[in-house]
Amino acid sequence: MFKSETNIRVRYAETDQMGYVYYGNYAAYYEVARVEALRQMGLSYKMFEDNGIMMPVLNLQCKYLKPARYDDLLTIKTEIRELPSLRLQFYHEVYNEVGVLLNQGEVTLVNIDMKTQRPCKSPAILTETLLPYFNS
Amino acid sequence: MFKSETNIRVRYAETDQMGYVYYGNYAAYYEVARVEALRQMGLSYKMFEDNGIMMPVLNLQCKYLKPARYDDLLTIKTEIRELPSLRLQFYHEVYNEVGVLLNQGEVTLVNIDMKTQRPCKSPAILTETLLPYFNS
Amino acid sequence: MFKSETNIRVRYAETDQMGYVYYGNYAAYYEVARVEALRQMGLSYKMFEDNGIMMPVLNLQCKYLKPARYDDLLTIKTEIRELPSLRLQFYHEVYNEVGVLLNQGEVTLVNIDMKTQRPCKSPAILTETLLPYFNS
Amino acid sequence: MFKSETNIRVRYAETDQMGYVYYGNYAAYYEVARVEALRQMGLSYKMFEDNGIMMPVLNLQCKYLKPARYDDLLTIKTEIRELPSLRLQFYHEVYNEVGVLLNQGEVTLVNIDMKTQRPCKSPAILTETLLPYFNS
């Protein structure tokens, strides 16, 4: 399994009038966490797009356990539990500064060849980089 | 079952560099659809908050079938399939102008008493208004 | 002078924890107002991009007079006071339902040829459509 | 004069279909820069709100010189050029990783007493903290 962690400071823009982080904003937090997970592997999502593969989201699930609030310094723990094939799945947990679990998310991406606009295999560099994490 | 429909025009702000509606923006579309569903019943979410009940989201699921694109005039079909109790669940389908289903969502809200900050029963006016749709 | 009007309902997503529309969200409201102004002329911004001209923003000014709030049905009055040349300028006023002026904005766009990535003249169809509004 | 710097990584959520950071998103970048400027003084905007003073925006100006793009690591340089009184003004410059100036912004905030909802003096702690930067 591959694991990573990243931090996000809640912006005022992301709160709503309940004083909570608006429920739709977690999707952007997960995106930051995915991109930083790749960066921690030495890869970048931008590089995939520059090489003609984009990865739109197929599926999103969020559980809202407790609200994140303005100026909270969140920790997002991210896991890839299976080697990617046509799809790539990320698991996220969002914690506040005192270690309380606020939110859980699952995001499934699909690889799309930008020329053909059709699903394609995961970029070889991604599979190769992840492989050692899945040898038991 | 209660059903309603509303339209949303995709804003440039909501696109991303794939040329798609960013995946996190559907949550705001569902919110608009929920609020308009209530308005079509003669109710308003604002009225619930003004009366001390807020309805944060507990659970969100989205399936992204096809991308919505800039300037698309979307139709969101919304269903409430069960009478609300402590929770209230909405089902959404997002269609483009030629009737293609682009996206499906489910959102579960919980009623919170703003004074006690604890879960509470659904506002009586909401249950009463929905009741006739569930008598068979 | 060309004038148009459009309505926008404030979304929960657009509020912040002050209970105001977040100050950054007016830019998206102005964008909606610009696009609807074009649509009222029988044109569309999408059409310009499909024909190879995009119109990024050069300059933005906003005055925040009074806050817009959740579920307000806003009226945005938009004016084009000069025929476009290399640039196109929009003036916006945002009113609430009882006619109180909440916000004023000015947005300057520039025409960019998407192939050369360089500034270019305003699309001929736009200039022609606007011309009658500037004959005195 | 008080000066500070902060970094922001451009999120996919913040791009639009031009492949640029959407023009409305700079307002949130300035907000992050303001909050980090305060944090570098040992203060926090959250603390002001917790003490009953909020600071809505009165005025915003942005100049868009060159586009910021996905995954750019931006540096935002922020200046406070005058001691705050009823108002507090921030100047921002946004640079990309190779030091190119992309964007300039000015934001004027007003202090509002949350109880009376009326303008009030700048929090004493803010004025005291800034004072040494304005002694010549």
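Note that the chains take the letters A, B, C and D in the order they are written out, and that residue 1 is the start of every chain.
As a working rule, contacts are C-beta pairs under 8 Å (C-beta built on N, C-alpha and C of every residue); 3 or more make two chains touch, one makes a residue touch a chain.
Everything numeric here is computed off the predicted structure, so don't read it as measured data.
Using the mean of the Cα atoms as each chain's centre, the chain most removed from chain C is A. Centroids built from CA atoms put chain D at 34 Å from chain B. Chain centres here are Cα means. That of chain A falls 28 Å from that of chain D.
Centre-to-centre separation of chain A and chain B, using mean CA positions: 24 Å.
Across the assembly, chain A contributes 12-13, 18, 22, 24, 27-28, 31, 49, 70 as residues in contact with two or more other chains. The touch graph of these protein chains is complete, with an edge between every pair of chains. Here chain D touches chain B in the complex through residues 12-13, 15-19, 22, 24, 70, going by the rule given at the top. Chain D contributes residues 9, 11-13, 27-28, 31-32, 35, 44-46, 49, 70-71 to its touches with chain A in the complex.
Chain contact summary for the complex, chain D toward chain C: residues 17-18, 20, 22-28, 31, 49, 54, 56-64, 67.
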